[in-house]
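In what follows, structures are represented as structure tokens.
In the two complexes below, chain A is the common chain; its partner is chain B in one and chain C in the other.
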Partner chain A sequence: MKSRWLILTVIVVAIALPWCFYDWGHHRHAGFLISMLSQMGMMVILALSYNMLLGQAGLFSLCHATFFGMGGYATIHFLNAAGDGGLPLPMEVMPLLAGLAGLGLAILFGSMATKQRATAFAMITLGISELMATAALMFHHFFGGEGGVTTNRMIDNSVFGLTYASGLQVYYLILAWTVIATGLMYFLTLTPLGRMANATRDNFERAQFIGYDPRMVRFLQFALSGFFAGIGGGLYAITYEIVTFDALAAPLSANALLMAYIGGTSVFGGPILGAILITLLQSGVSLLSNSWLVYVGVMFIAMVIFAPTGLAGIIKAHGPIQQAGRMRGLLVPYLRLVIPALGLLLGFVGLVELMSFLTIGAAQGKKLVLFGSAIDVHAMLPWAISIGSLVVGGLWLRWEASGFHRVWEDLAAEVRR
Partner chain B sequence: MTALSLRDVHKSFGATQIIRGVTLDIAPGERHCIIGPNGAGKTTCFNLISGRFPITAGEILLNGERIDTLPPHKINRLGLSRSFQITSIFHRLSVFENLRCALLWSRGYRYSFWSPLWRQKALNEATERLLEELNLSARRGILAGLLSYAEQRALEIGMTIAGGASVILLDEPTAGMSNTETDYAMALIRRMTQGKTLVMVEHDMKVVFDLADTITVLVYGQVIATGAPADVRANRAVQEAYLGALEE
Partner chain C sequence: METLLISVINGLVYGMLLFMLASGLTLIFSMMGVLNFAHASIYMVGAYLAFTVSRFLGFFPALIIAPVLCGLIGAAIEIWGLRRVHHNGHIAELLFTFGLVFIIQRLVQMTWGMLPMAYRVPPSLDFPLFVMYGANFPAYRGFMLLVSATMLLGTWVLLKKTRIGLIIQAALTHPSMVSALGHNVPRVFTTVFAGGCLLAGLAGVIGGNYQTTEPGMADSMGPIVFVVVVFGGLGSLAGCFVASMIMGMIQTFAVVIDYSIADFLRPLGVVFTGDTLLTEVLTVPVARIGALLPFIMMVTILFFRPRGLMGTRDT
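Our next item is the complex of A and B:
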């Protein structure tokens, strides 16, 4: 029951959010917010469908963007055909066609890749990713080469009579499909195939000796995840009206992995958190800093080392303590972590930004501005403060972390009893 | 017709011959124990029968049907199920889910991605019954990886018999157990395999002579004796090769 309310709240917030930032003076929507929310929707689908492989089936795929991109390219062609009157289908079903395009390609590539598991599987998918990246640059008719392919989404065919001229209408289309796709992917986790995907992840040999062919389980799971990735790609094409090489290349596959992992692969909703966080960083921090990718990368490494269960795993670990009503016992320990963590963060960000402004910033003619005053990146002081803050914050955090660990262990043991 | 037959089965790993011409006939409903010193090829025999490894030469028949060229999942579907010497379960799934997974294929669900598990009443009830029979009802929601060793062994036996296979292979089901645990496990095995053909590799001679209708002694990849427990015990070759050394 509790999770039902959570889901409802998230959907209501997602519907209401554009109106919270509506500019009543000019009767305009906040375009930045809407494009960010739209991006989040697609990334949620991408991350969740990736986790059908990584978290649920234990398959480490490096070519997931292939199916996202395929859905995108196919949708551009569908929309063009629809615009010419050759495809009399409403806009609302276009993402479904995109999903079928993703599914088709995933059936083709899945039949090769899922013969293997573990490292061999990962290597085959790497090959597929490279193959498709090359194909995208070679076959101009379909992929449009480096410039990509473009369309006009105003095909004047909608079940609800919408034109999709405004970003808001597109956002609501994305939201609807995100909810549908998420619901379907959740449903899949509750079916025999979904459960056997978990089983083959844990122990493929045992799965064989209870009558299941692990290859078939992997293949079906792979194909279905390609279907959902394709839906995400379709929404991408509708939003941007252009699909290039970027929509199927390796960096997007890596992004899918980052989002799923940082969010948490062992909980169904984990990748949703990851997708929202990474998109926020991408659209928010990238405005403030050239080095936002450095922060994402470092965050990923830190998560792998210190919190392999991801954000959702961390939240889940609090469950028993929260149920026992002992969350208050963690308040002070958490507060004690915040100050050194901020110091560490400040020092690290300071160093990265100083370095970035020493090179790229100078080339772009930008100046590092902090609290309204320009900072001279050639002076000693900012460097000294950053290094000092990094070192002191780091050591202090280590000290506090071991204290926190003790408190946590005691509390967890108490709750278990 | 025999439930399980091995006809002159050979297995080599590279130049090393592990199984050197094993012929064995096991009647339906028989409780058959395979004993032998370490390295005799008992577990390898199981791996060949269950399709985990391909055989080098010979024939294996299950209920009169050739199975030696089939992959493990197809052999399982024909009615042969096995457990492993090293516990083999789905450690990140709950005890309940482990057993339900083991029931799925035999109940015709195949690779269904359209039937929600929570609505499969008969399946879920069968799982509950199995939990009760295994005495694991109280542990149903726990991840299988967190069970005690004896509980994990019980769970694996449950998963092995869940699919309704007529021939059950158990590889040292009581290895590493205390005496009480062994007694409990054996009672469980007796109860759960009633009416089925049971083939078991076992080191504990007390267990073997208590349970078996027929004993086969395997030494260096060859059968040196097979027959009723009393006959095998009296067999001189067996005494020299194996039992004598144990009973000293």
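Our next item is the complex of A and C:
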């Protein structure tokens, strides 16, 4: 009952958000916000479909962007055909066609990759990803080489009579498809296939023993996740009207992994959270700092080591304590964690920025500016402050963390009783 | 004939370089079941470290120091990273090394900058070894062959003829038994991981000035090495060697073959014209799709033999 309200709230917020930042003076929408929200929609689909493999079937795939990109390329060609009058289909079903393109490719590659699982599966998917990325640069007819392929999304064929000239209309199309795809993917987790995927993830020998073919389960799960990734790619093509090989290259696959994992693979909604968070950070932090990848990488590794359940898993762990009404007992321990954590963060960010401005920044002729004053990266003081707060924050945090752990264990034991 | 001979030698050099990387990866994998995604990143670090060390001490000290430093980095990764995530399963270990790729990549860029380094072949090795059909064969390639062959022999002797190798081999298949006999298995793991990273670092030292030392070198080398490991069969050193050689040959031969599939079909009376996707795929010369070949080979072999060339076990 509660999660139903949460879903409704999220959808309402997603619908209302473009209007909250409407520029009434110029009668204009905030373009940056709408493009960021559109990006979020696609990434939510990508991350959720990735989690069909990583979280639900325990498959570590590295070629997820291949199907996303394939959906994108296919949509460009479909839109071009529709623009020429060769494909009399409305805009609203284009993502579905893109999904089918992703599905087709996923069936082809899945029949090979899903013969294996775990590490070998990961390696094969890496090979597939590289194969497709290299092929995309090489063949001009379908992929357009380095320049990619372009289209015009105003095909003048819509169920609702929309032109899709403005970003807002496209955003609502994306939102609708995101909701549909999310609903379908959630529905899939309830089907026998979804359950069997979980079973083969946890113990594939036993699943085999009771008469299921784990390979078939992996294959179906892989093909379907390719279908949803294709839908995401279709929306990408509609939004940007250009698809280059970036849409199917390895960095996007890695991004899907990061979003799903940081959000939390054990909870269905985790990847949604991850996709929103990473897209926000990407549009925010990457403007401020060129060391964006270090932060994401460190965040990811920290999650792998300390919180393998992801953000959603951490939130979920609070459930029993919250139900028992003991959240107040965690308030002070959390506050005590915040100060050393901030120190650690400050020291780390300081060091990374100082280092990168020493080399990359110097090559680009940039200067490190903090609070309006330039900082000399060759001076001793900023380095000393950064290293100091890193070390002090780290040690302090370690000490506080063990205290927090004790409080947490006590509370959890009390709640269980 | 001359292109054939030159291509064979070049393929041998490249294949040995690949094998140096792939053997470390295979050792680590067959030992710990972990595929170290960061292996190519260590290769890159090896090249950069060699560049820095060789600026101060010269190339030959760098040949020793840089791989040892890479080995130490590997040991640190194993002790403080992999061991902590080990109890979360293999996927967590894979994810961990995958995350390392980003961090190492960026740290290298932050330390040495984005531009390629001027890491050159040492002057003492910068002369033609012999002249073959009017083309010079650089002494450095001979040196690369020498180093990799020595390393191959050294690894073989270490694994097959020493007590340490015996324990490593035993821990490969029966870790709990080895542990019960009083050997420190986690330390054996650390040793193997560090050893694999040392080999990667060594490959970086001699590969860095053969190719170019730049921040993208891990990304360009990584997939090929993984293809080699999968092609040869996960966990099989012999398969890994054969696959490295095949891959090295393919990569060098592809550059000199100027035929396309359409050229082979033409004598049969099949001619492709026009401007369609099929024509493009069929008429592209092999030389242009050289980069694509390793991946096509991998997908093909997996289709017929999912375990790879000489793989003995599923993962």
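Basically, the second predicted complex is superposed on the first by the 417 of 417 C-alpha atoms of A that agree within 3 Å, B and C clash if a C-alpha of one lies under 4 Å from a C-alpha of the other, contacts with A are read in each partner's own complex, and residues count from 1 in each chain.
Please note the rule applied: contacts are C-beta pairs under 8 Å (C-beta built on N, C-alpha and C of every residue); 3 or more make two chains touch, one makes a residue touch a chain.
Predicted, not measured: the structure shown is a model, and the values here were computed from it.
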Touched partner set for A:195, first chain B, second chain C, both or neither: first
Contacts of A:257 with chain B and chain C, given as first, second, both or neither: second
Touch count on chain A, higher of chain B and chain C: C
First (chain B), second (chain C), both or neither touched by A:301: second
Partner chain in contact with A:217 - chain B first, chain C second, else both or neither: first
Contacts of A:187 with chain B and chain C, given as first, second, both or neither: first
Partner chain(s) touched by A:126 [first = chain B, second = chain C, both, neither]: second
Residues of chain C touching chain A in the complex: 29, 33-35, 81, 84-85, 88, 90-92, 94-96, 98-103, 105-107, 109-115, 223, 226-227, 229-230, 234, 275-277, 280-281, 284, 288-289, 291-292, 295-296, 298-299, 302-303, 306, 314-315
Residue ranges of chain A touching chain C (in the complex, touch as defined): 54, 58, 60, 112, 115-124, 126-128, 130-131, 134-135, 138-142, 254, 257, 261, 291, 293-294, 296-298, 300-301, 304-305, 308, 352, 355-356, 358-360, 363
Residues on chain B engaged by chain A in the complex (per definition of touch): 50, 52, 71-73, 76-77, 81-82, 84, 88-93, 97, 100-102, 104-106, 109-118, 159-160, 162-163
Contact set on chain A toward chain B in their complex: 187-188, 190-196, 198-199, 201-203, 205-213, 216-217, 220, 224
